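Chains: A, B, C, D and E, in written order; residue numbering restarts at 1 for each.
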Amino acid sequence: MNDAANTDRWIRWLNTLQLVIAGVLIMAPTVWMVLSSFKPSFEVTAYPPTLTFSPTLDNYVELTKTTPFLSYALNSLIVTVGSTAFGLLFGIPAAFAVSWTRITWPAILTLAARMAPGTLFLLPWYVMFRQVGMIGSYTALILSHAVITLPIVIWVLLPSFDAIPRSVFEAAQVDGCRVARILWRIAMPLVASGIAVSAILAFVFSWNYFLFALVLSNGDTKTLIAAAFNFIGEGSTQWGALMAAATLIALPPLVLAALVQRWLVSGLTLGAVKG
Amino acid sequence: ADFDWMKFKGKTVIFLANNNPVSQALLTYRADFEKLTGMTLKVDGYQEQQMRQRLVTVMNANSDEVDVYMTLPSREGEQFAAAGWYADLTAMAKNDVAKDYDPAGLSQALLKAATFNGKLTSMPMNLEGPIFYYRTDIFKKCGLEAPKTIKDVEAAAEKIKTCDSTVTPFVSRGLKPAVAYTFSNMLHNIGGTYMADGKSNLCSAKGKEALDTYSRLLRDFGPPGVVNYSFQQISALYRGGRAAMAFESSNELRTVMEGGARLKDTGLLPFPAGDAGQVPTTIGWGMAVSSHSKQPDVAWYFVQWATSPEVQKKMALQGIAPPRPSVANDPEYRKWIDEEPVRKEWQAALDVLATKGSSEVGYPIVANPQSREFIGQAVQDLILKQKPIDQACADADKALDALISLN
Amino acid sequence: MASISIRNLTKRYGNFTVIPDLNLEVADHEFVVFVGPSGCGKSTLLRIIAGLEPISSGDLYIGDKRVNGVQAAHRDIAMVFQDYALYPHMSVYDNMSFALELRGTPKAEIDSRVKRAAALLHIEPYLNRKPKELSGGQRQRVAMGRAIVRNPKAFLFDEPLSNLDAKLRGQVRAEIKALSQELKTTMVFVTHDQIEAMTMADRIVVLQSGTIQQYDTPETVYERPANQFVAGFIGSPAMNFFPVEWRQERAVLSEGGAVVPLDGEPAARLSKAGSAVLGIRPEHFAVAADGADGVAVTIKLVEPLGSDTLIHFDLAGGSAIARVDPALRPKVGDRINLRPQPGKTHLFDAANGQVLR
Amino acid sequence: MPAGFVLAGTQPDRGQEHMSDTAATLTQDRQKLEMAALSAPAVVFTVAMIAFPVVYTIWLGFQTFSTTGKQSFAGLANYSKLISDVEFWHGLWVTIALFVLSLALQLVFGIWLALVLFHAKRLPGIVRSLFISPFMMPPVVAGMMWLVILDPSLGAANYILQSVGLPPSDWLASPTWVIPTVALIDSWQWTPYVALIVLGGLQSLPTSVYEAAQIDGASPFKTFQRITLPLLLPTIVTAAILRSVDLLRFFDIIYITTQGGPGNSSNTLNVYGFRVGFEFFNIGYASALMLTLTAIVFGAVLAFNRLRGAVAW
Amino acid sequence: MASISIRNLTKRYGNFTVIPDLNLEVADHEFVVFVGPSGCGKSTLLRIIAGLEPISSGDLYIGDKRVNGVQAAHRDIAMVFQDYALYPHMSVYDNMSFALELRGTPKAEIDSRVKRAAALLHIEPYLNRKPKELSGGQRQRVAMGRAIVRNPKAFLFDEPLSNLDAKLRGQVRAEIKALSQELKTTMVFVTHDQIEAMTMADRIVVLQSGTIQQYDTPETVYERPANQFVAGFIGSPAMNFFPVEWRQERAVLSEGGAVVPLDGEPAARLSKAGSAVLGIRPEHFAVAADGADGVAVTIKLVEPLGSDTLIHFDLAGGSAIARVDPALRPKVGDRINLRPQPGKTHLFDAANGQVLR
């Protein structure tokens, strides 16, 4: 018995150890990035890497001075929230339908836009959106980003929907639900963790995607990520500012992920059916 | 005589800018422009690669969304001109100018570099080129003089290698597409040409010598991993005091001096001479009017303002090397130059660039950007010792000939 | 409030035929119980009626309407699933109120209906719990409650009481019966519990491998089974079967050759058929006095059930069971003289199992 | 309890949802229609967005553009050029090598990380977020950062190697190591992404089977191998699909760190296609390249989707 | 192959106490059946023994070893879950062979064990199917099969036969009994089926709200229930209870005042206590001749069960049931004279329900 108890403790210890290893491997570069954002630019590339330095907020000050950071952030937020919402709105029903009918081509089709190099879309979309006078509009950006968020939502949700016992849906049918309501009242609450994951992923992808904004936005609607590049260029590589920008850029998704964590709950189907 | 800055009052000009120190310096004065003309200036600034991507899209779509954009004639001039993306500025630059604009005062070399088929396609904004940064303290310690020739550079590198093993003796660009910028200087100094009789000429004796010398310097005296080196790493390495000599863009001065560690121990020169003397690479950003702009005349007003002596002087005070000799001699600018010894040497080097420079970076063909690939490839092959020199240059020549034949 | 009529229905999964060809009429207000061995297609049939399984061929009518293609949501049927299929994210209350809510039933009415159903099923204390916090039987009762709060055209119950204790089951059974009479709703009820089947059904459907063996009142099914399968299936412990022959004007066991005292009518039938399978239920043995007419057997095993006692014995090459009065105090190894109670014997065709008439 | 207790009112349920609908609207065909209606917005939207670009690119793929910008129909010339283009075949090989290596790394470590996080239930949300932070970093920034960290002369990587007595490496500057190095960078960034998807999948697994496995005496490893992994396979394949579409179009990190170099050791098809199109302005050929790449990705997705069907339970 | 010993065990979910304080000894090789109302804690207890639920306080020993903190995987126990918990991704065969495989049993042996269990449970045709392609009863049998292929220290069965038809259930029940005797493995079996409980158990544990009401052999539990709860719970239909008083040297119903003929011993006990609750099982009524000693009742409802007939009647302010010979052909409205069979009456303390001795 003590053997078994020891194994338990040993396993717990092993888990912790793994957690620490994973944490170090994953976070070391991130930490490096964040630390760098508090260093003067020239110190970022100093060799040997400096561990002790007097932190400065200059980079952040510089950032707000040289770029209308807040208004870009707002643009990004609008586009990202818009396209994530769009992706969820269109993607959740589609994933549900695909899971239910087991007809997968719609899921594959929506992914098609992700199969082609993004550059392939630049000119045609520019032409398309110009035709309808939407260059520089949030709508154009949201729509183009929805092409990215939509398949993420669909594909991430597919296995979650698949894992719900069918008979729960059947019970709802017998109770008088048509499909839309089954989706809304039964399926969606049950895939909360999947929705959380897909929302995080869609948000991050949209947030970090700059290619489409490059041609579809204008000076007023430019997104944050497109501005981040401004810190790298001949004669103007500002490592500190770049790291500061990156830190700030990574912050909203991080906060979102932290907030959404609580939806990452497990085992909701527990006790629903026998089998 | 009847030139009126207010002529297009209320109009809006859209400017696609490459977000670099040049445009940054310029745009600190955008309010002046708007006040002067009563126009609105809309700026769309991107990092170089992205700016080009946006520009290509916009131009391919025949869109009038951009009125004015920044361009590097040495790189894409031929291409853009061939595609007809530049509005012809010749007439406007002559007729439609304020009396103090002084078009003749602009660097003639740069103007010439921006002229294709007799059409002036862009107005120069600045002047830049690779220059030779070296550590005076290390040179002194190792008993070296400032190099006069390429041979001196090599000898110095050799010496430094034994004299101070903690530093990299020499560093320059090794990243494939970036090589041409510095390599061209070397080639021209040695006396080589990219093309002869409409054929690629890298396998000529001079060509091979240039390839050999350039790659040898980097291989034997450069840092590990130099094949990925471009301005970022070079500046960082040099700024960190870990390179004794660096051959890198004049624009990088500010980056190199950041933190102040190199302020007192850096010497600046045009790249030392070869058999053909000094033929530095001199390029500059230009300001072009889009051929699809619905209002080229309005756009011209902005171009004119941006390249006017007054504005360029102001920009010069922010460290943007002016494409106007007159500005370079302006007392106010001189005063700024004199503030730091390195600035003096820097301006001296730039003066050489302005007078002797060639704007040929890579092949003078439409497919110039692609030609840079093959140059870079040959250099990398040699750095990494993947091919003997004869084969490297032959392979490059073959590919480049194919490219040239497309012209 | 609707009859159910199934005509020439077949159901296949891939190339496995669950229901080969089935015809069934359930009258309006009728209470029909499906019984049959595990896997015979009871749930499948219920699910077909509910609209959850597509029909391979044939027709299904609810009321006068052919509903083959009608969605489950529109059939207005309430069902208790064999595997419960509770909504895991909803409280017990919400599980039960959901269907009503969908129909826009007023809040107050929902509340009273749910409360009443919960009281009936003894699950009031759990109304705020999630299914995972309930015991198996409590979950089953929630599944039950979800159906009975409604007032549908028909109720379908798939073994709804299997996980309840006898006492509770008896209560709920009575309530369901009362409910069916009160609402006059058509009911289809699947159960493995013979008492349930016998006490609740207006008519019983005995299924085997997707075919109906008999469809009749409980009494008829018990007393006059249509074939050997039904006879063996209904009744617990099961009916005993012995191959018999008509020899020398007497019924004798084919194996062992003991004489079985048969009364006139079955004797006549056997004499006509020559040989048959004789069926006698355990409770239809009489203990005869020693030496009287009967078959002497040796008790192999005694199972006291409290109210009765089962005795096991070997006869005619097989094992058989008789149910006797515990007062008899039978012991293993005792010899006892048994004979069928008059009028309680069954004879089946040895070849196809059909009852001999 | 009084017998005959009336449970529901004797009145039939009121307001039967849709009971007044005409017969046609009640059918299972109608249900199929409703299903179609659920996926229709996504499908229609996607088609609207990609039809023109795809057709346009296909058309471009049949054009040549002279250096003066004039275009003419070229038939399959761009495609025959593709076949004889060593750079293309090399790019294909680089693409596939990177794809296989990165995907393998990311799936293996992603599953591992997901399990680690899954068992670390008490971890505060913000810390968990930090565990998945790498992919929240803009890929370009990640590339820049690794460029510095892995620089043989400037970077922390070699510094650390050397300070623990290991030989330094050329990392991205070595033609032999550049692909593994890029794969490592990419895996650093995207392993947490796979982990997040797998974590979501873990949360929706039926829990009772774990109790059964305990009773059956399965060790933690066996439980993982025989229960968790097979049950997770559909999720894992989904993650693989999502990663594949990105990995086969490998771009950002390479473009930032090596521009396809050294030489062309890391010149993926997408990088190559991009440069042909946007730097060398050979739009026709670039279109042919990109379409070919798209077809390859499409094939991979179809194959994975097959696999997804096969591992469903 | 191991005794199970539970000492002062308590189990709480949050602040809901499922098991307040439980002591139980199951001897090695013993076959113990748990019965009790739905939700009384049977499954919880099983899951605690299996190691799936943490113990709130108290001790659990399997064999001589205290196993409180030992993982389920190390307890070497086989269990049939009430909700089956089949591996959805494995075929029936793999579901059953998994545990053996983990133990490194040779392939051939696995195969023979699985085949044998499958034959016993009649699931050979489905060995290659996935659980979702099975009927409810088939799934339950797979769950059963998964346990019985093993040879563990103890078997825990949580209502393993609830979804099987009577016939199959009878067969499987016999097989389990045989298995337990063959393997000599300790068995704990939860069931709601009284016949199962009575026929299989060495001893029965009657649980209510997590406390043991009686723990004894089936006969004792049936014949000498420890309290009114056990008496009412065991036996189907349930025992009838009537409040009685000792008046004028006779036992009379507290309500209605009819005289109940009691034999000497219980009469003496009642006379001592003054008043009590009288318990009579439905099967322990005798039909007395008209005018003889007995209580006359009016038949309210007749339930023919085939072998017997139940009659319902009102007595002493409550409803009661008697089981009579169908030959009596009782009809609703008939008046009939009933009296308890001698020696079959039970008397319970009216206040605490304990049996009067």
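One rule holds in what follows: contacts are C-beta pairs under 8 Å (C-beta built on N, C-alpha and C of every residue); 3 or more make two chains touch, one makes a residue touch a chain.
Predicted model only: the values in this text are computed from it and were never measured.
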item	value
Neighbouring chains shared between chain A and chain B, ordered by label	D
Averaged-CA centre spacing for the pair chain D and chain C, given as whole angstrom	54
Chain centre separation in whole Å, for chain D relative to chain A (CA means)	13
Sites on chain C at which at least two other chains make contact	51, 71, 73-74, 76, 82-83, 102-103, 133-134
Touching two or more other chains - residue numbers and ranges from chain D	16-18, 31, 148, 151, 153-154, 206, 208, 278
Contacts with two or more other chains, residues of chain A listed in rising order	45, 47, 119, 123, 127, 176, 178, 190, 210, 229, 232, 267-271, 273-275
Pairs of chains found to touch, sorted by chain label	A-B, A-C, A-D, A-E, B-D, C-D, C-E, D-E
Complex contact set, residues of chain C against chain E	13, 35-39, 42-44, 82-83, 133-138, 140-141, 158-159, 162-170, 192-195, 198-199, 218-219, 222-223, 232-238, 281-284, 303-308, 323
Partner chain B, residues of chain A touching it in the complex	40-43, 45-47, 66, 119, 122-123, 126-127, 130, 135, 210, 214-215, 218-219, 222, 226, 229-230, 232-237
Chain C contact footprint on chain A (complex, rising order)	165, 167-168, 170-178, 181, 185-186, 189-190, 267-275
Partner chain A, residues of chain B touching it in the complex	18-22, 24, 42-50, 53-54, 57-58, 60-61, 63, 65, 231-232, 235-236, 239-240, 242, 249, 251-255, 258-259, 261
Chain D to chain B touching residues, read off their complex	67-69, 147-148, 151-154, 168, 170-175, 257-264, 275, 278-281, 283
